[in-house]
Every structure is written in C-alpha cells, then in structure tokens.
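First chain written, first letter: the chains are A, B, C and D, and each begins at residue 1.
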Amino acid sequence: MTTPIIQTQGLTRDFKKTRAVDGLTLAIQPGELFGLVGPDGAGKTTTLRLLAGLLDITEGGATVAGFDLARQPESIKPHIGYMAQQFSLYAELSVLENLQFFAEIYDVSPADLAERTERLLTFAGLTEFEHRRADHLSGGMQKKLALACTLIHEPEILLLDEPTTGVDPVSRREFWNILTELHLDGTTIIVSTPYMDEADRCSRVGLMYAGRLVICDTPQKIRAQLHGEMIELLPDDWQTAKALTENLPGVLEVQTYGEALHLLVDSGKKRLPQIKRALTKGKISFRSARLAPVRMEEAFISLIRRLEE
Amino acid sequence: MSWRHIWAIARKEVRHIVRDRSTLILVLFTPTALLLLMAYALTVDIKHVPIAVLDYDRSATSRAFIQQITAGEDLELYAQASSMAEIEAMLMQGEIKAALVIDPNFARDLLGMRGMPMQVIIDGTEPGSGGFAVDHIAWRAEEFANQSLTNQIQAMGFSLESLQPLDLRVRTWYNPGLKSRNDLIPGLISMVLGMPALSVALALAHEREHGTLEQLMATPIGRAELLLGKMIPYIIVGLLNVIMLPAFAMAWFHVPFNGNFPLFFALSAIFLFAMLSMGIIIGVFMRTQAAALALSFLLIFYPGFFLTGIFFPIASMPEAMRMEALGLPGTHYAIITRGIFLPGIGLDILWPYAVMMAVLGLAYTGVAALFFRKKLG
Amino acid sequence: MIRRIIALAKKEFIHLRNDWWLPVFMLVGGVMELMLVGWATSRPITNLPLMVLDHDKSAASRSIVIALENTGTFRLAEQVEDMQTIEDALARGQINAAVIIPPDFAEQMNSPTGQPVLAVILNGAESIPATAALRAIEGVTRDVGEQIVIRRLGLDPDQFSGFTPRLRVWFNEALSEALYTTPAELGLMLEFTTLLFAALAFSRERELGTLEQLLVMPFSSMEIIIGKSIPVIIVSFVDFLLMLGMVHVAFDVPVRGSMALLLVLAFGYLLVELSKGLVMSVVSRTQHQAFLLVMLFGMADFMFTGYAAPVEGMPQFLQYFANLVPAHHWLTIFRGILLKGAGLDVLWPHVLALALLGLVIGTFSLRFVRKALD
Amino acid sequence: MTTRPTNPMPAIVAHDLTKRFGDFTAVDGINFEVRRGEIFGFLGPNGSGKTTTIRMMLGLLAPTTGSVEVLGMTVDGDTAKIRPRVGYMSQRFSLYNDLTVLQNLRFYGAAYGLNNAELEIRIREALDMAGLEGRENARTKDLSGGWRQRLALSAAILHRPETIFLDEPTAGVDPISRRAFWDLLYKLVAEGVTVFVTTHYMDEAEHCHRLAFIQRGRIIAYGSPAEIKERMMRGQVLELAPSNAAKAVKTLRAAQQAGRIPLEEIELYGSLVHVVAPQVKKHQRAIRAELQKAGIHAGQMSLIEPSLEDVFIACMKH
C-alpha cells in the first residue's frame, strides 16, 4: 500500500456554537476519486475548506501532499486545486484572462501556459468562447471554466465543493467526463456532492453525518448495506395506491415518482405477490409491478434515517 | 515576494476597472469633479452684499459717505430704511446681510474730529457676508475721514499721513493678494485624492462579498503580494489624477504652480501609497462594501477635511488633535502640495514630510497585512 | 395594504439592525463632523507662529510686539537677528507671519510728524491663517495709530469715538461662529442622511438579487415605495433630532422660533430629499454607483446652500439656479427658525418655494420609481 | 390516463409565447398547457429560456408576441389579482441573507396578508417541513446551501398559493430534504395545487406528471416521463462490472475512437461501466473481446433501464 496523499487524524473544527467537523480520521490514496456525501450541514464544506488550508484547525491534525496542515498551510497550496461552492471567478475577465490570471498566481511558466491553456480549453469545450466574459457564460460553462482554472497548475490534489450544483445534465455529464479523465491520469480528487448518482461515479464514498465520517466504502458496498429491496409500481391512481400500500406489512417506505410508486420492502420475493394481491383486492388497477434495482439515493436515505433514529 | 503575482493581481484589477464603463468614469473623474465643486463652494468671492442704510443725520456728509461705501461691486444698497423696525424686518427676512446706522451727530462729530458715530449691524447667521461688510465699511470710513479732514489737518500744520501715523507695509509672499483659491485648491487636492483609497477599500470588500477572495486564499499567493497588487492600479489611477488635478487647477482656476513637477509627482506617489494603505485597512476589516464606505467617511473624508490643516490651522489645534493630525498622511501632503505650488520649495525642505508619509504608509500596510489572514471564519 | 406596508417596513428595520454600522456610522460620523465643525469654528484662530526682527529694540517696539501677542492670535516663535532666518522659516512654512521693526521706529513715533513703519510679511501659502494674522495686526496698528492721532492733534481722548463703526451682531450676539456653522452643517447632514439611505433602498436589493422576489409578491409599487420609505424617514428624522439636541447641548444653539414649525418643515424637506434619493436608487445598478451619485449631487447642492459661500457672489444664472435647489431654501428656513426666531410670516416665500419644488420633484420621483418597478 | 377528477380549466396556458432581447430570441413561440393539480416539469440546459419563460408567466417580463394565461387571467393585465394566488421561488435569491429564518418567514407571510394566528401555524408547519426547528433564529446566510433552498420553498408556499413556480428549487439540496420536499409537493398537489417546476436534475423530472423539454427557446419534447422515454430514447444502456473499470473505460474509448465498436457513450461509474448504443446487446461480444485483449475480465453485463437523464442527453444531442 502506498502512503496516503491525504491523511487526517481526529480533525476537528468548531464554530461559535457548533462543531462542524468532529474527529475526522481519513486516509486518501493517491489517484483516488473520493466522493464526500451527507445531508446539508453535515460538515462537507468545512472539511474541504480545512483541507485547502482556509480554516484553522480546532483539534487534531492532517497532512496534505506530505505537508502538515496546521504548520505549513502555505506549502500545501501549490499542490492543490480548490473550487469553492459559489461562483468564484472574476466576472469581468474573459475566459482566457481568468486562466492567465490563475496561471500567474501559480507560477506557471509562460511556455507551459500556452500549451496548457489550449489543452484545457479544448478539454472544457470552451475554445470558441475564449474571449467571452465569464459572467456571459452559461452556468455549466462557468463551472467548467472554474475547473479549468483550478487545473492550470496541474495540481496533484483537487478539492471540489459541489461543483455541479445548478448545472444542466449535458454540462454535468461533460464535467464528469473531465473528472474521469483526470482520475484516469492519476490526479487525486475529493468531490462533495448532494447528488447520489454522482456518488455512484466515485471510487470511494465517505458519508458524513453531524461532522463525523459514518461510512467510507465503495459505492457498491454501501448500496449492498441497504436492508430491503425496491418494488416499482405503476398504478392508475397513485394517490389511492399510495394510501393502500403504505400500511401493508413489510413495506418500509413508499415514494412517489410522478404517476409511479417506489416501495421499499424488506424482501422483494416475499412481498411482491402480496402487494399485487392487495391491490387487486382493493380494486386498484395497475399497469406493472416489478422488482427494481436499488439506487444509491435509496441506500443513502435509508442509512441516514437509521442514523437519525 | 513575487513580482509576477503582484502583477497578476494588479492587471486583473485594472481590467476590472476598465471593463465597467461607469466605474471607470467615476474612478477617473470624481476627484476632479469634487475639486471643482468644493473649490467653488468654498472660495466664492464675496460680492454684492445687500445692505440697508438708516441715516439719522441726513446731512450732505452722511449722504456722501453712503455714496462712497456703496460704490463698486462689494456692497449693494438694498434699501434706505427709515426706522430700526424696518431694518429688523429686512434682516429677519434675510433680504440684507448688514445694515449701516448713521448717528444724528455724524457730520458734526466728524468735522469736530471727535470720530464718526455710526453703527453696523450684521446678521450673525451670515458672518461671512456680515464680516465682509464690516471690514469694507471700516476701510471706506477711514478713507472718507482722511478726505474730509484733509483741510483741517493741514491747517493745523500736520501732514495727511498724521491721521494714519503707523505705516503698515504688508507684503504677502507666494500668493500676492492673498487669494484663498491659490492655497485652498492645492490643499483640496490632498482631500480629493482620498477617493482612490475609498475605491481600493470597496474593491477588497467586493472581492470578499462575491466569494473570489476565498478562491485566492486557496492559492499560494502571499498576503503582501495580494494587498500590493490591489493597490497598484489605484496608485496608477491616483497618479493620473495627480497629473489631471494640477493641470485643471492651473487652467480653470489659474492657480500658479511654482515648484518642480517631477518632485510633486514623486511625493504624490508616496502619499497615494499611504492613503491606499488606509483604504486597505478598511477593506481588510469590513465585510461589506457599504460598511467599507461608511468607515471611509469616518476615517478618511471627515478627518481629511478638518484635521489636515487645509481650513483650520494645525497650530491652533489642541495637543491631542495635533497628534492625530500627524498620523494622517493628508496633513503632510497638504504641506507638500501648498509648498510646491506656491513657494515652489524643494526636497531639501520637504524631505521630512515625505519620510513621514512613507513611514505612515508602511505602518498602515503592516497593520493591514498583520490582520489580513488567508483564512475564512 | 397597511399590513403589507408594515411587513415591508419591518423587514427594512431588521436590515438596519443587522447592518447597525450603517446608521451608527452615519450618526457617529454626523456627530463627529458637527463637533469638528463647531469646535473648529467656535474658537478664533490662535497660536499662529510669528517671528519678529526688531532692529529698534526700544520700549515702543517691544510694546507693539506685546500688543500683538496679547491678541491671542500669535505665539512668538522667535526674536531673530537677520532676514535670512525669516526667509527660511517662511519657505519651510514654519511661520505664518513675520514682523520687521526698523531701527528708527521709536524715534519716528515720538516725533510730531513722523510716520513709523511696521513691515509685515505674510505666508500666502496658507491664506486662511495669513488673513487672520493680517486682521490681528491691522487691529493692533489701528489702536496704536488712534492713540498717536489723539496725542498729536491734542484731541480729547474721552470724547473721541474713533473713525471706525461700532459693531452690533444680531441673532448671534457673541458672534460665535459655531452658532452659525453647526446649524448649517446639521441642515446638510439631514440631506445627506436621507439621500444616502434612500439611495440604498433599491440599489442594494438589486445588487443582491432580491428585488425580483419582492416584485412578484402581491405588493403594489406604491406599497413598496411607502414601505421602503418609512424606515428612511424614521431613521433620518431621529438622526436629525439627536443631532439637534447635540448641538443645543454642546454649542448652545437655540431654537428661537417655533419648534413645531421647525419639525413640520424639516419633515417636509426630508420628503423632498427622499424623492430625490429614490430616483438615484432606481437608476443605480450597484450600491457603489448609488453612493457616488449621492456624493456628487450632495456636493453640488452644498454649493448652492449659501453655507460655505454666499450665493450673491455667484454669476447671475447660478443665483437663479440656486432657487431651484431645495437645500438652499431649507437652510434659509432652518437657520431662520433656529437663530432668528422667524415664523411663517417671514419665511413663507421659502416655504412656498420648497413646497412647489417638493411637489414637482415628488411627483416626478413617484412616477419614475413606479415605472421602474413595474 | 388518470382517473382523478381534473378541473377542466387549465392552470397555465402559453400561446405562441415569444421573447426577443434585441437580435436574440430567448423564447421562440412556445405553446403548452399546465393542467390544474399536476406537477409540470420544465427542463432544458442553462440558457435555453426557462427563466425567461417563468418571468413572463409572472409578469416580470412582457412577451414580445404571444400571450400567457395563469389561473384564467391574462398575465399582461391583472398581475395584481394574480400575484396573491401564485407563489414563486427564484433561482438563488428569494431570501434576505441577513434576516433570520423566522424573520424571513414572517416577512413572506405578512407580505401575502396572512393574519397572525394563521401565520404562526403556517410557520410551524414550514419549519417542520424544512427541518429547521431549532434554527429559527439562525441567520439565513449561515445556513448551508440545501437548507437555504428548503427555507425558500417553505416561504414560497406559506400563503398556500393555487399555483407555484419553482425555478430550480432543489439545486444543491441533499437527497433527504429533496425527498421531504417532493413529499410535500405531492401533498399540495393532492389538495389541488398546481406546480410548475424547472429543474436540471433528471431524477427529479421523474417526479413530474408531465414534462416539456426546451432547447434554444423551443419545446422539443412534451408529455409524461414514460411517454418521453419511449418516444425519445434511441439508445440502450448496458452495465458492465469489469475487473478493472478504469482500464476498461480507456480500452473501450480507444476502440470506439478507432471505429471498432459503434458505441455512443462510455461512462465510468465507480467500479462499473455504462455503455450506451442503439441495440447495445449486439455489441456485447465485441466488447467482451476488446476487453479480453487488454487483459480485462468483462464480468457481468446487464441491460439497465435508461434514466430520464440519458433520455435528456440523447434529446439534446440531436
């Protein structure tokens, strides 16, 4: 096993009243694509800001890229690329000027700059917009430009705080394609996200809850931890069907999806026939009822619900 | 410290200013506009002061006297009053700023060389015009007395000068005629050059408000690099103003410039550095633009007006205020601007002030860098 | 409707409370400015450094120097022996004036037809202290001169009343400049406070992006204008009252006229400035622009108030223009009520002008702002 | 299709709605109808005209041509009558950041004319829904992004509007809150409220009863999610669980670029790989062989149902 590129030991951060991050111990190997998920206010943003050296550590310690976070926060900075949650480019500067600005801050040599700018613009699909002002780009393009800016110095570690919020699916997919490329090239990436389908794309996922890291594993293994299975039901009238199925034995949860219902049950094989029977008895017609794969989102919700109890 | 980093920040900041047309115009021309307005507001020559006259004497002498004082552009005879009540009403209405009341024995006393019994009433709410009227009347009165008493005095064997025995020879150096514009305008330059300091404070607060500061904090840029980089464009804007403002003062207000312009330019650069350091301090401590603006008034504009000796001589201030004045770059710069504009003095005399401004600038930058941490929260 | 207006006003107050520094800085800044103005103008200019080159060194020359010192305007910096020192000191700006007494000063004074010379050099680089110095020196020489005249012509010193007019100052008997400057400054502060807060009303929500939400709520544009104006009016008015109390206590500024009339007219004036501020607020895209507009317009008004320099000295067209500036009429009214004890019978032309201007500006503003909001 | 009684009068009707800004046509003659009591999803990439459309429906922007009716009233004329009956949650800035949670809610309630007793009850409900109990006095700016969105939504529906317009309501909201949020919307819909929602998040679009896809100001697909999926999706998704997913992606992309296998998309999902192509099953063998060549064991392959996101991307690419 290689030495972890990020290693935290009991990392803790307090704000006035609350403990935002509580004894986080985590080791991230070089080249990992690590997803940080958790409910709002769980401490994801604080964790990323701590790792970027933007906040003082209350307790514990961490090393990032071989430097001590508390003692050498400035030495870490050339090795990381950090992308804040909110829009943080210079709105008045053009795409090229933004890139050039960050290149100079990070001491990228002018020779490298030309080559990298071209590559990153192609990479982000922004070549034809290189002279457009950042605030005249669409949301998705802004995010891609922000990512390009954090990549200009070829950092070993990328810290991305909810990079795809407010981005349309096409741009989101393009964004993730870029991340995948980087991941395949060996960059270490930590990305926080509220979207579970994105967590599915990570090599490892850490679930934070109330400042603590509750689970840290591959998406497949986390999904496997879900107790129960999913039944997808297409009734003609979802409202009555919902009322009926909610109270059936073995049905843990009923979720509406438009006209469809997703039923979380303790055992699919056992409950599917029971449910079909109950619906027929209740004179509720349905077009289909079948076992469906459990998605990351369901796994996540079920986990958090258990934690809350 | 990397010049490349500073340059990167500075160039970004220049682009920021240049891209927004209205900001560019405001940043470049507000100092000149303010100089124009303030110079006019504060140095309008007093003329045409309306006065009323109540002549109890009604002699040829008193009429001649009235004729004499209202000749010229200085005072304007608004009305010949016939009673004190009338004067009172006119003063109340603000129709007149002063009134001359000539005593019944005016001519008799004057010819008897006992004096010129008369009274000037001024509106105490308008001491500027009122005081001007008093001085003007007193000056004309002396003149009038000399003329009317000439024969008598000569008959007594005295020369005309005997009535004015002390020969006061006043010479005004550097500013013949003691035109207030000639020294107030150079003084005001130090005041309006506070505008770039306001801009830099706002620019820093803006970056905090809009989240780009967080991004910068995650980069390896040094604190001093960041702060210096932010200052440079406003020093440039300020220096453009350093060229525009004297040119404007000379062309529009005919203020003489007797000193060495390169020296003025160099010392102005030091002043701008010191002022911008104050602006940076404000930007470091204040989280929003509005707060930065409010504090700028408190720390830059009010003291700049009252404590730097432009209007109120520092020598007349109590000790504590004098100390405070020494801490303001504007105090030293006001001495420099007036010294270079009017006597045209050089560095041999001005160096202590230049050193003082540089020390203040470094001290303020130090304080700003000390309290500016690359941390959130 | 009333409920909605109250809701909006309440929200505005919470903003003010959260951004407490803004009203507080305005108030602190206002008080500070008034204190500085009052302090700076209530005391005569004193302590000006003076250099004396006395070639005569007689009793007469010494008495002139003592008389100069006794005016309080001067502080004797140095008795010097040569011109060079004076020239240097002037160039360095170390002294505001120098007096040179020639060797035959006492001799000339005592001879029946002599004319003693007193040479004065003023530092014109600082015209304000130089003017004060000149006044003080003229005063001293006039007194000395008068004594010589009386003696030479053999006049009766008891009967001699002098060739200068006796001075009486009305409305301000002690000729305290603070009494004149602080009310003027205070009148202007009311303008600036109102303009500034009004200018923030919309520019701020626009910059922060919340204006859109406000517009889709069931507020009519009139309700928005009223709701936004209430806190501005209250804050500005309270600010005004506090500062009025402050100058009364600190500088003995009286309210000689009717207090009720003063408050009514102050309120009316405030509404006029509010209308102007709201227009600036809706034309600005950012707070920064709104602030700069307030600075420029406020300064331009300042020119026409007649506070710093009398309007009569301006070119004719500017004098006409001054009549279109609300602040010009307001300052006349304000000082009239405060210091002259004037009433409506006296002030009606200004009140009428203010009312007419208010009507025009208010109507325009209301139309303009409503249009901008719809 | 639905057995629920529907109000015959539609909640929103857009008729040839067009908006031009100078030369740029933001919305280009769109027609759609939102039935009462349904959740209508309005989807499209950034800059496709979604926000402009919402603004026209709310009377914030006047249409260049065409018209829009909300709750039976033409928006141009009586916005004052419409506004109390609709709710709006704008994309980012519907709250005052310096106000506390409670202060924001009180302001909204009072702005819509709720009386105090009513307001207190609704505020309790809203806090409960948003999961913000205990944080009533927190400044809005100190809340995390997800919480802010929840609060904004609670505020927008505080006055129980008949129609609500939500512009990307759940951007950045965590799954739990999102679920709570949709539960609430369904509750409102059951009470007869109409919901018009724009979203980027395709998972969410699945929650809607009917959808419109908009691109460059034009509607390119319109119908229920199932209808749209059926009609628009040309490709199928095959899920692979290879021994080395990262290497498998590289290998397959190389093969795709060389034209050996006609795949439309190859995506890495953690240790899984999704490949998309029409009749993707046909390529199963070629994929297996290609991976074998690179020394990767292809593992299990299964056809999975395309998500609405896959459909959306397929639509946009045409």
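Please note the rule applied: a contact is a pair of C-beta atoms (placed from the backbone, for glycine too) under 8 Å apart; a residue touches a chain by one contact, two chains touch by 3 or more.
What you see is a predicted model, and the numbers here were worked out from it, not measured in a lab.
Going by the touch criterion stated earlier, list every chain that contacts chain A and also contacts chain D.
none
Between which chains do we find the greatest number of C-beta pairs in contact?
Highest contact count belongs to chains B-C.
When the centre of a chain is set as the mean of its C-alpha atoms, what distance in Å lies between chain A and chain B?
Once rounded, the distance between the two centres reads 61 Å.
Which whole number of Å gives the spacing of the CA centres of chain B and chain C?
Here the centre of chain C sits 13 Å away from the centre of chain B.
Mind pulling the residue numbers of chain A that touch at least two other chains?
None at all.
At least two partner chains per residue is the criterion; list those residues in chain C.
19
Going by the touch rule set out above, which residues of chain D reach two or more other chains?
none
Hey, how would you classify the chain contact layout here, line, ring, star, complete or other?
Shape = ring; chains linked end to end, path closes on itself.
What pairs of chains are touching here?
A-B, A-D, B-C, C-D
Note which residues of chain B are touching chain C in the complex, please.
That would be residues 22-23, 26, 30, 33-34, 37-38, 40-50, 76, 89, 91-94, 97, 100, 109, 113-130, 134, 137-138, 141-142, 145, 153, 156, 158-159, 161-176, 178-180, 182-184, 202, 206, 288-291, 293-295, 297-298, 302, 305-307, 309, 311-313, 315-316, 335, 338-339, 341-343, 345, 349 of chain B.
Quick check: in the complex, which residue numbers of chain C touch chain D?
3-4, 6-8, 10-11, 14-15, 18-19, 208-210, 212-213, 215-220
Quick check: in the complex, which residue numbers of chain D touch chain A?
Its residues touching chain A are 1-4, 39, 44-48, 91, 143-147, 150, 168, 171-179, 182-183, 186, 190, 200-203, 206-209, 224-226, 246, 249-250, 267-272, 304, 307, 309, 312-313, 316-317.
Which bits of chain A are touching chain B when the two form their complex?
Of all residues in chain A, those touching chain B are 15, 49, 52-56, 73-74, 77-78, 80, 82-84, 86-93, 97, 100-102, 104-107, 133, 159.
Would you mind writing out the residues of chain D in touch with chain C in their complex?
Touch residues, chain D against chain C: 58-60, 80, 83-84, 86, 88, 90, 92-99, 103, 106-113, 139.
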